[in-house]
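Once you scroll down, you'll see the structures, which are given as structure tokens.
Common to both upcoming complexes is chain A, partnered first by chain B, then by chain C.
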Partner chain A sequence: MKMFNTRQQQIIGFLLVAIALAALPWVAGMLGNSWVRILNIALLYVMLALGLNIVVGFAGLLDLGYVAFYAVGAYVYGLLASPHLTDNFEAIAALFPGGLHLSIWVLIPLSAMVAAFFGVLLGGPTLRLRGDYLAIVTLGFGEIIRLFLNNLNAPLNITNGPQGINMIEPVSIAGLRFSRTVDLFGLDVPALHLYYYLFLALTLIIIGVCMRLQQSRIGRAWTAIRDDETAAKAMGINTRNMKLLAFALGASFGGVAGAMFSAFQGFVSPESFGLMESIIVLCMVVLGGMGHIPGVILGALLLAGFPEMLRQVVTPVQEFLFGAVLVDAEIIRSLIYGLTMVLAMLYRPQGLWPQGKSKAARKQVPT
Partner chain B sequence: MTQFLFSATGLKKHFGGVSAVDNVSLRIEEGQVFGLIGPNGAGKTTCFNLITGLYTPDAGQFSFKGKTYNPASPNDVARMGIARTFQNIRLFKSMTALENVAVGMHTQTRQGVLGAVLRTPAQRREEQQVLEHALDLLHYVGIGQCAHHLAAHLSYGDQRRLEIARALASKPSLLALDEPAAGMNATEKLKLRELLLRIREDGKSILLIEHDVKLVMGICDQVTVLDYGKVIEYGTPSQVQQSPAVIEAYLGGLHHG
Partner chain C sequence: MDIFAQQIINGLVLGSIYALVALGYTMVYGVLGLINFAHGEVVMVGAMVAFSAITFFMGVFPEAPGWVLFLVGVLCAVPVCMLVSFTIERFAYRPLRNAPRLAPLISAIGVSIILQTLAMIIWGRNYLIFPSTLPTDPIILHTFAPDPLADYERTVSITPVQILIVAVSAVLMFALAFMVNKSRLGKAMRATSENPQFAGLMGINANSIIAATFVIGAALAGVAGVMVAANYSVAHFYMGFLPGLKAFTAAVLGGIGNIYGAMLGGLLLGIVESLGAGYLGQLTGGFLGSHYQDIFAFAVLILVLTLRPSGLLGERVSDRA
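So, the complex of A and B:
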């Protein structure tokens, strides 16, 4: 913040960032549409990482099953924006003869709310648990949700089991369907770009919510619980409610990301919501700097973008060096990914961009 | 019956077969500095934890400000108006001194998620008040210059002061201090004494658990002495000092030989 001393400079800086963010998909699009896809997926991961950061970073509750909320959001959207339910349940088909076509303004809040409900469901029984014990229970919870999704296809076919849900409708805002290139004020905007702007908007909202929460009475209460739960209680903080709030809010962001994932892919299956996903999101939070919002965003962008970049780079580089692909790109990718994590934790255990406390404090100086 | 600010009657607490607190009763008058003393392992801290809701008593009645209460959870006790400090300092280490005191004001503030996210005028006003009041309190206990230092980076004596400021932040009627002088050197103790006297002058009642008999005798209005979980003496400091039972407890059988 030091760079901009005056209000004018602040506005200029803000405009530059806004222009850069708006232009980003077009620049990436020049390299190929796959890069815009990568951007979109990266934004989904930023949302997920910020949600998990509330639970792990702010409140200090180690959650290894966070992907469950992503899955819940994805399935809420998937079920309510696809023909699956009307195809399988006559009663629902009778209720909605034209098929389920809920508005995005209903689906996003609903996904967030259902995910938040599941967050409370997980938080409730685990209130007394801390650290390792909590991690194990949350890990189990994540697996339970995945197994349910995998097996709820009989006797009633609710989730269509391992085949997943197909034909999920793309997002549609004010008659604008995000399924093909649309003409906006004379500019041809591909669907991928539209998703990018939608995800960016949601991400910015989530960032804003996180920042404001962190600098509020609630954020302080979370940090107090993280630092010393007994002392937090002695300060009159209702730790039960505060923890449930952290679980619910964190989960709701996961739910939003899940819904967007569902709409973006047009297809969801339990396979996308394995333990590995939870671990990757946790890695983003830890690598970036637990509890520090810019750090977490950086961590998410790096870990979401880095493997994709390697995917694009490893094969051509091998071909250039050896004239043939000696090692499968996927293997090298995992290897470098793992090695990076090991090195990062050895040399930067506090994360790449941890909270600079003196700076945070200066911002709060009352005048 | 005289109106006491706080009273506890017939407190009992067992840990396994050990009776840590056995039939202890305490009564604190408004505006008093009340001392709870006793040798090591006498049950002072257990008593303290019963009063502040950290432990559940096996038996006993509590009343505070004329109402009976059930110290089932520490956060309810704090909300009622009993603020405490800890024998082994328990500050929020990753927060600044100012933020620590701001956490102490939790019960004095209302704003929830919506207020914070929308940053309503009410929320901004409250935040401003919180930070101003927190800074005032830091100056009050004499560590205003450290407001933006991390709690973990403060000196030992300052950490003790910060704990007191944090406890005062909830505007308690009763300030409960668990061995605030533990580990302090002579100068720090003297400054602590001044601070405690000032807090009393400003109208707060204090429950002081202390090991340092000299400090207790200097500032307490009433003293209860515990030994092996039982009350062995009660009275003004000078009365207590002359009690044979107290001398016996503190010096063991020494005076016999």
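So, the complex of A and C:
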């Protein structure tokens, strides 16, 4: 006897997932606050991986400089929510006598828009390139952005150079400042948990947008371009606009993640946006399954969470076995990333959880 | 004028190194159509092995003359680089030869990370001071009349290390050109790059030719690595990344797949970069300084790929990639 019909099962499943997600930081918090922090970072990586997935997975454009958009978002937030600009430019100080305190309702869309602008800026000149050429050019673009962030402190101090931007204000929504434990309906909620819920909300929005996009006309156009650009063009798809759109949308998600990173850390510097970061995000997309949203999320969670767990485990184990730390957890982490990429390509090029055949494709009579 | 002449010399030195590394990229691209992303790391391995060899040899024979030490460094570095490159080709690229185009590239990035990490484990993460085995005092070639506006000595100089770099690169490039054009192996390489199936029908073993291409490229990269380290007197596990990227740019600039293109592209890129670094401050009124030197390579890369994707001496390739 069936207790619930399909619709009810769906609702119950949905509720269970929602409760699990809401309770997660409290469970992790019992193990220690560092685990909630890991959760938050993992959510940031999920956002990044989903953004990159639009460019690499949906449209098939290999982007090795994706971290540039993350950096742009982070610096937009950092500059507009810290005393840096008013301290260094009198004109801006005169405009905002009370200091720059923009609301996140302005900052998040703004970060997304500026990052999208940079996405188009990168996409424009590289439209004609394919595959590995595009990869190298985007890699160069990422390095250029980092070089500028590193050096734009003289003669005009815009980015504060290698020192980065300090004293970035935490998020505050409707008078609720995410900087200390707050009392919410009689429950003491630490700031870390508040960030978790904010990141979770943003991630869910991004997942929703991605899923809708994939099924839309735009998503199908991207798939067509990925599978055969010439054929897509022949079918009347405006490949130029579609590619630019992919770059812009992918970049805007990166920008949002960057802004959140900035608010969460309270500090940004060019060091956080190296090539390795781009590669890590690419690894997540590749390992999870390019173009498949649940796969990409899985990849991001695995690769963001696993090394952190390793960090917790490797050091004590080594101390137990050898009496000293011989190999740094950081080194093992990058070794794992490298090995993941090679082994994934050799043995499972489609990723851990690849896209199944679509309903339409399954219906087709085999010829 | 003084800055101009000095930067041309610096550019030639830098350019010779880029050219040597670019040859590796271009030869592999010629036969396989693959960008060997890990090539820059082979340069790093060369420098690191030479560092260890020279340090060890200095400890054993403290009296050995500098050029012997340098030669020992090169002789140790080159076989290791060849072996590393051979292994990479065998295990990370060969199984993916018929895979979609992105697969070998991602695998190559993975290999590059693995090599960097291994180097970090073996040699540590600090900058190593590369022993200066050759005299580093600049030889002054020309002294300009003093200028009341310039507060520095207006001279054009070159160090013995730099002379060695240019000379060795020139010799190696001629040797490579001779080998590719005249020898049996070179003929087989050209045949494979033109049409692998037909080359196979003519009795050429494509696998061994491809392996040979990787190994020869790695030997040049190893020499280049020792020279980079000797020129800047440092070695570091991350030192292969930028020269690798720039050498790739040089290969694209010259027309990827064409060995003369790689040499020309390397020298040109070196000169453009040096002149750019020398004059950028003046051109932008002091807004951008010489620390933006690295931007030139990327700017050149993007310009070449958009305006003339075939490069200076190559055929059109952007659609094949």
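In the analysis below, the second predicted complex is superposed on the first by the 326 of 367 C-alpha atoms of A that agree within 3 Å, B and C clash if a C-alpha of one lies under 4 Å from a C-alpha of the other, contacts with A are read in each partner's own complex, and residues count from 1 in each chain.
What we mean here is this: a residue touches a chain if its C-beta (ideal position, glycine included) is under 8 Å from a C-beta of that chain, and two chains touch if they have at least 3 such contacts.
The shown structure was predicted, so the numbers you read here are calculated from the model rather than taken from an experiment.
Colleague: Could you look at A:Val286 and tell me whether it touches chain B, chain C, both or neither (first, second, both, neither)?
Modeller: Touch partner of A:Val286: chain C, not chain B.
Colleague: Scan A:Asp227 for contacts with chain B and chain C and give back first, second, both or neither.
Modeller: first
Colleague: Give one of first, second, both or neither to describe whether A:His101 is in contact with chain B, with chain C, with both, or with none.
Modeller: In the superposition, A:His101 touches no partner, neither chain B nor chain C.
Colleague: So in the superposed three-chain picture, is A:Arg217 touching just chain B, just chain C, both, or none of them (first/second/both/neither)?
Modeller: Only chain B is touched by A:Arg217; chain C is not.
Colleague: Contact-wise, after the overlay, does A:Arg177 reach chain B, chain C, both or neither (first, second, both, neither)?
Modeller: The answer is neither, since A:Arg177 touches no partner chain.
Colleague: Once the structures are superposed on A, label A:Leu249 by its partner contacts, choosing first (chain B), second (chain C), both or neither.
Modeller: first
Colleague: Is A:Ser334 in contact with chain B, with chain C, with both, or with neither (first, second, both, neither)?
Modeller: Touch partner of A:Ser334: chain C, not chain B.
Colleague: So chain A touches chain B in one structure and chain C in the other; where do those two contact lists coincide?
Modeller: none
Colleague: Within the complex, which stretch of chain B touches chain A?
Modeller: Contacts found on chain B: 52, 54, 73-75, 78-79, 83-84, 86, 90-96, 98-99, 102-104, 106-107, 109, 111-113, 115-117, 119, 123, 126-128, 130-132, 135, 147-148, 150, 166, 170.
Colleague: Name, in rising order, each residue of chain A that touches chain B in their complex.
Modeller: Within the complex, chain A touches chain B at residues 208-209, 212-213, 215-221, 223-224, 226-228, 230-239, 245, 249, 355, 357-358, 361-362, 364-366.
Colleague: Note which residues of chain C are touching chain A in the complex, please.
Modeller: Residue list for chain C touching chain A: 34-35, 92, 95-96, 99-107, 109-114, 116-118, 120-121, 241, 245, 248-249, 252, 286-289, 291-292, 294-295, 297-298, 301-302, 305-306, 309, 318-319, 321.
Colleague: Within their complex, state which residues of chain A touch chain C.
Modeller: Interface residues on the chain A side: 62, 64, 125-126, 128-137, 139-141, 143-144, 147, 151, 154-156, 275-276, 279, 282, 286, 327, 331, 334-335, 337-342, 344-346, 349.
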